[in-house]
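In the two complexes that follow, chain A is the common piece, with chain B as its partner first and chain C second.
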Partner chain A sequence: MWVYEKKLLYPVEVTTCNPMLARYIMEQYGGADGELAAALRYMNQRYTVPDKVIGLLTDISTEEFSHLEMLATMIYKLTKDASPEQLEKAGLGAHFVNHGHSLFYENAGGVPFTATYIQSKGDPIADLYEDIAAEEKARATYQWLIDISDDPGINDSLRFLRERENIHSLRFREAVEMLKDERDRKKVF
Partner chain B sequence: MSVFDERMALLKKIQQTDFVVVEWTLYTDTHPDDEDALDQWREAIKDAAAARKQYENKFGPISLKSTPSKQALEVGWRWNQAPWPWQL
Partner chain C sequence: MQHPSYRGSYKPFVSPRDPCPPITVKYFVLPPQIFTNFQQPGLPQFSPEEALIHGSLWPQFVDGFFREEGIS
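So, the complex of A and B:
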């Protein structure tokens, strides 16, 4: 089970209302390589991986939900004071007529989230390699977001998230090695 | 220091100490035999609990699993109360 904690993993400070930037950040909110995809992918794979890596998948999945909350906070703060005209100018006119000022799990192009973004193969090595790729793709997306954003508060939070992807990728690569070691040891017998 | 500034400073302290726990947890997930890391992980949990207590004594529960101190009960221990994290 999970218990909610009334705090963000890392502070999110927004300098100015900027619906265009909010729209770009939606790529990491409801996109193929985003935090929702990551959280759901690991949380679902963990049931059928060896005991040795269940903790890692559980803990990283849980952390991804806290990243999702940080992104939601960014999108909320960047759009809450925007007029319909400002939203329309930022390419969020269609979003506004369907969702108002509320958030929605969609990518920067307005495509709704789908479970087809993620996979679970029942093969721990295949699953972990997908997870490493997912972290690297998320890291790249954060880099493009930092490159396109000029909000210093947002950039600070995005840099934190980019570094977390690096750590998760490293830990998943270590997990692969743990499983390979185990497999190679079995061959000796 | 204003009440708001104090709140934000104590919250930041929780975010820092909790982050150390997050980081050591992931590290020990893939280094289960690193005794030094496990010691640091256990220490980090204690530091995080202390920082949490400081905040909760004045500003209420961070988690439904938190135990209110006498001081916290005097201030009033309420969960369903703004600001929520995205409102700060």
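So, the complex of A and C:
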């Protein structure tokens, strides 16, 4: 069960009308290394990892959903008042024809989200290493987004999100270390 | 191969309302390579024939997974 707080995890300020930037941010919204993929990946893997790390995956998955909400806010603000012509110029013509002004889970190239982006292997080490890789890929994506964006408000939020990826990566690596400590531990069952 | 050497275990939560007979201890693989950050030179080696069978020249990286362990 979740409790929803009607506010963003971190403020999202958009200073310029820039639908092109919205299109680029969609890479983190519905892309392979995006927040939706991350949230769904962890929320699903959590059931079959050792008890010690279930809570970590649930918590990080929940946070990823709050990141998704921030990205949705950015994309919405950057496109809500754009004319069809502006959207077309920004490369969102096909998006507008299919989805109007609504958001959709697709990457910057317009490829719709697919569950094939994520995996659940049922092997704790395989799953956690995938999670670590996913965090580093998301961090890199945020870097390139910050590089391509000249909106100081957006960049502040992206910088925050990028830092969260670093922390998540560290927590997943700590989870691996916790499992490594279980090696050959003499336990009374 | 020394059986539990590269294995971990945990006790999953068991509910009195579980529909199937619960598995009280779950085992998982901790593959040997995750305990080595950078391979040291001069590790003990298999003979070439043994290495072919095991898939590694170094016993340190062989954990001998076999289905009777019941990991799944």
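Simple rule for what comes next: the second predicted complex is superposed on the first by the 184 of 189 C-alpha atoms of A that agree within 3 Å, B and C clash if a C-alpha of one lies under 4 Å from a C-alpha of the other, contacts with A are read in each partner's own complex, and residues count from 1 in each chain.
The definition used in the following text is that a residue touches a chain if its C-beta (ideal position, glycine included) is under 8 Å from a C-beta of that chain, and two chains touch if they have at least 3 such contacts.
Computed from a predicted structure; not experimentally measured.
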Which of chain B and chain C A:51 touches, first, second, both or neither: second
Which superposed partner A:103 touches (first chain B, second chain C, both, neither): neither
Partner chain in contact with A:6 - chain B first, chain C second, else both or neither: first
Touched chain A residues, chain B compared with chain C: B
Which superposed partner A:124 touches (first chain B, second chain C, both, neither): second
Which of chain B and chain C A:132 touches, first, second, both or neither: neither
Touched partner set for A:179, first chain B, second chain C, both or neither: second
Chain A positions touched by chain B in one structure and by chain C in the second: 52
Of chain B, residues touching chain A in the complex: 11-12, 14-15, 18-19, 22-23, 25-27, 29-32, 61-65, 79, 84-86
Touching residues (chain side chain A, partner chain B) in the complex: 3-12, 52-53, 55-56, 59-60, 63, 69, 72-73, 76-77, 167-168, 171, 174-175, 178
For the chain C and chain A complex, residues of the former touching the latter: 4-13, 24-26, 28-31, 34-35, 72
Sites on chain A touched by chain C in the complex: 50-52, 122-125, 176, 179-180, 182-185, 187, 189
